[in-house]
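Supplied in structure tokens, the structure appears directly below.
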Amino acid sequence: MRKVIYPGSFDPVTFGHIDVAKRAVSIFGNLTLAIVLNPEKRGLFTLQERVDMLKQATKGIKGISIDTFDGLLVNFVRQNKANVIVRGLRAISDFEYEFQMALTNRKLDERIETVFLMSSEQYSYLSSRAIKEIATLGGDVARFVPPCVAALLRRKLSAANRS
Amino acid sequence: MRKVIYPGSFDPVTFGHIDVAKRAVSIFGNLTLAIVLNPEKRGLFTLQERVDMLKQATKGIKGISIDTFDGLLVNFVRQNKANVIVRGLRAISDFEYEFQMALTNRKLDERIETVFLMSSEQYSYLSSRAIKEIATLGGDVARFVPPCVAALLRRKLSAANRS
Amino acid sequence: MRKVIYPGSFDPVTFGHIDVAKRAVSIFGNLTLAIVLNPEKRGLFTLQERVDMLKQATKGIKGISIDTFDGLLVNFVRQNKANVIVRGLRAISDFEYEFQMALTNRKLDERIETVFLMSSEQYSYLSSRAIKEIATLGGDVARFVPPCVAALLRRKLSAANRS
Amino acid sequence: MRKVIYPGSFDPVTFGHIDVAKRAVSIFGNLTLAIVLNPEKRGLFTLQERVDMLKQATKGIKGISIDTFDGLLVNFVRQNKANVIVRGLRAISDFEYEFQMALTNRKLDERIETVFLMSSEQYSYLSSRAIKEIATLGGDVARFVPPCVAALLRRKLSAANRS
Amino acid sequence: MRKVIYPGSFDPVTFGHIDVAKRAVSIFGNLTLAIVLNPEKRGLFTLQERVDMLKQATKGIKGISIDTFDGLLVNFVRQNKANVIVRGLRAISDFEYEFQMALTNRKLDERIETVFLMSSEQYSYLSSRAIKEIATLGGDVARFVPPCVAALLRRKLSAANRS
Amino acid sequence: MRKVIYPGSFDPVTFGHIDVAKRAVSIFGNLTLAIVLNPEKRGLFTLQERVDMLKQATKGIKGISIDTFDGLLVNFVRQNKANVIVRGLRAISDFEYEFQMALTNRKLDERIETVFLMSSEQYSYLSSRAIKEIATLGGDVARFVPPCVAALLRRKLSAANRS
């Protein structure tokens, strides 16, 4: 069986990510959600918080595991003896950016393929950034993220306001 | 009569914004230009300067009022018992970003509609950011913004250079 | 009250069209669905069939009327003393074509504005052409068009096959 | 093992199609190239010619089979107990059309997923239509299609000119 | 001096074409407007009418000549010992189609470069097809094409109506 | 002979830039690569390092010179009595951004034209930013930049890690 990697920041995970993950695991039988540790861009959530969040949000979906990596994605893919990268595409398109990244990764290692899956059109407007913005401004994010993430967002932001 | 909101940073207001505002007020009979106060992104102009600037630039257009808000746009729209948001679309397209924001706002409150108006094609290349860049580099912005804004830009930037 | 025109081929009307019509009428208080008679492009449905279809499909939505026109849209808009054209935008974008048409119409009559409304993201993939294709190939179109349209499509296409 | 379908007109097959087919079979282990028979659009090549062409062009690639279908793609996919459709994406983008088709197919059968693979950037400009145009105008298509296809194109077009 | 070719259908020539031609000749010192004779797509105007139209519309612009060709553009470019093709880009974008054609032409002859010029933003919405449509429906095209073309369009279409 | 300017950050120069430069100089006979000094965005390489890098990378291409500028591009173009700006377009499109810049520059000085050249499709995915990211994460950039740039990148980044 091919090992398949779904890389991302997941800061935080959204219903859009979960939708893509379910579709990928139903096609490939397995999926590793790989949280990228970007030393230059501090996220809202710590790496450990994101791992916990993803575990809770994907609990009950067979074949999914969670991992983290820093450095080049293609190196992580090789170390895991995987050769398929999964990315979600939204109707509101991240197409050009995704295409550029996928072509660059292919140049770095020609054995690695990127496959694109469509997220459901009801999640086509979702982005982690928009969700953080809405939560920061006091909006309700219940229809964008799982309950555990909504709760974590509230706790995180009220802690930030206290400090 | 429906209350209609045209939100934006207006930092500074451009001929493109004014063009959209005129079209919107001619359709809806009223328009509130709502300056968003973004606590995380300090603008070039203070909120008060932007209010003054908008007042001067829209003086003589009937049915326009100026307001400011922080927090979620949909909350501001609701507090004003408005239910239409106006956004300008330029041929050089902010279409995808605008669409994503409008879909997100609709999810937050389904009674609120966003309507898109086309700015004149002669303003299709205008952005507040480009204008600030040009002014900073010593370029002439007279054909991009009203005279009062051009004067304010010059004063602002020479003050910045002195400090 | 401003008269507002929503022009289209409606060959046939889809849930996407109805979604846009509902949003428009809730903003403007009235809406004329104006079926264009294109002498060069024979539709699947006759003009009369489309009028009947639209009437049934919009029955119960207050403020909607149905009309037909040939010739230039801007002439029809002027004859009706309307000055707002409504067009739906889908996430999967007809943006550039719509923009070009709206700019051309504005050149033909500067008093006429086009406003763009977003259709619901669940209809972002719908097009009359795709629906006709699916129906022709024997697919079920029940989730794309109202029941009366689905029935008409079946009848139309079985008649076509008999001939 | 999942059965995977790569539908298309293949009129004629290009190096771009073959590139996508190789990538797909290396990921999924099998691939059926399914030539669509469109009763309304007569191709340059007959269905039988296209089958022969695809067989020759994919000879030596393990796991590939050739088939034809008419009617709805989703019906063909179901009859083959497949549930993955493969489509190639080019940097010069067919993205929006592909997305619309894939969303429509998902509506028709929610168990069927479409996965998108990137063709090599060196084939990003290739289309069957352009190749036919070039060949018709007497241009050399050797760098766009396999030798057997180039020969067939020459024969086909000189026959057309004689008639 | 490099010979520079500006190919097109020019059916009819618009202010947008003339705008691009003026810019090109001011950069390169010479320009050949090359009307493509497409045997499969009958235009509204005959080749001779288009030649006459272009001559009148570009009278007084130094360095411009008019020519016609059939077959492959790259062959025409080579026969003229030219190696630069000029194409206009509009904000409302024909970008992807133009890019594909230019890449295909480069593959056919690597010595030939395509350079893209921006038409004025006031012509960004203009297309020959839209102009023919407007004229057919009785609209006034005076702001889209030179007077001689507007007159020819009227004559052509009234002749068509009589027949 | 017209003086032609190719402005950019070149931080660092890539094979994509060099490809565009070669095409431009073959069309226009001369080309000045003009490195912009952006006081607000500190680059990875100093201005002097970029000058040296460009000299080495373009050594042996006749007609190329290297220069630097700060302030408005149009002022630099005027001071050099040039009136053509060259920009590369990639299939993965920076088209809209480039168009906006070019329209803005045209507004600032109507005598200045921007011409767009296509980079080779094999460099369509290349960006200076991606290359810096890959090098930072320890990836091999040999197929993206000239050897001298790859060596400089390694030295630069290992110096950064030591500090």
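Per-chain residue numbering starts at 1, and chain names A, B, C, D, E and F are given in the order in which the chains are listed.
FYI, a contact is a pair of C-beta atoms (placed from the backbone, for glycine too) under 8 Å apart; a residue touches a chain by one contact, two chains touch by 3 or more.
Model, not experiment: these values are computed from the prediction.
K.L.:
Have a look at C-E, A-C or D-F and name the one that copies the C-D interface, over half of its contact pairs being the same.
P.N.:
C-E
K.L.:
Can we say the copies chain D and chain F touch using the same residue numbers, with more than half in common, or are the two sides different?
P.N.:
Mostly the same residues form this interface, as more than half of the numbers used are common to both chains.
K.L.:
Counting in whole Å, what is the centre-to-centre distance of chain A and chain B, each centre being its mean C-alpha position?
P.N.:
Their C-alpha centroids are separated by 33 Å.
K.L.:
Between chain A and chain E, what is the gap in Å from one C-alpha centre to the other?
P.N.:
Inter-chain centre distance comes to 48 Å.
K.L.:
Where the centres are mean C-alpha positions, what is the separation of chain B from chain E, in Å?
P.N.:
39
K.L.:
Which residues of chain B are in contact with two or more other chains?
P.N.:
91-93, 96, 99, 103, 121, 124-125
K.L.:
What are all the touching pairs of chains?
P.N.:
A-B, A-C, A-D, A-F, B-C, B-E, B-F, C-D, C-E, D-E, D-F, E-F
K.L.:
Show me the residue ranges of chain B that touch chain E in the complex, using the header's touch definition.
P.N.:
91-92, 121-122, 124-125
K.L.:
Once bound in the complex, which stretches of chain F touch chain A?
P.N.:
Within the complex, chain F touches chain A at residues 92-93, 124-127, 130, 134, 137-140, 143-144.
K.L.:
Within their complex, state which residues of chain E touch chain D.
P.N.:
My answer: residues 70-72, 74-75, 96, 99-101, 103-104, 107-108.
K.L.:
For the complex, which residues does chain B have touching chain C?
P.N.:
The touching residues are 2, 23, 26-27, 84, 89, 91, 93, 95-96, 99, 102-103, 106, 113-118, 121.
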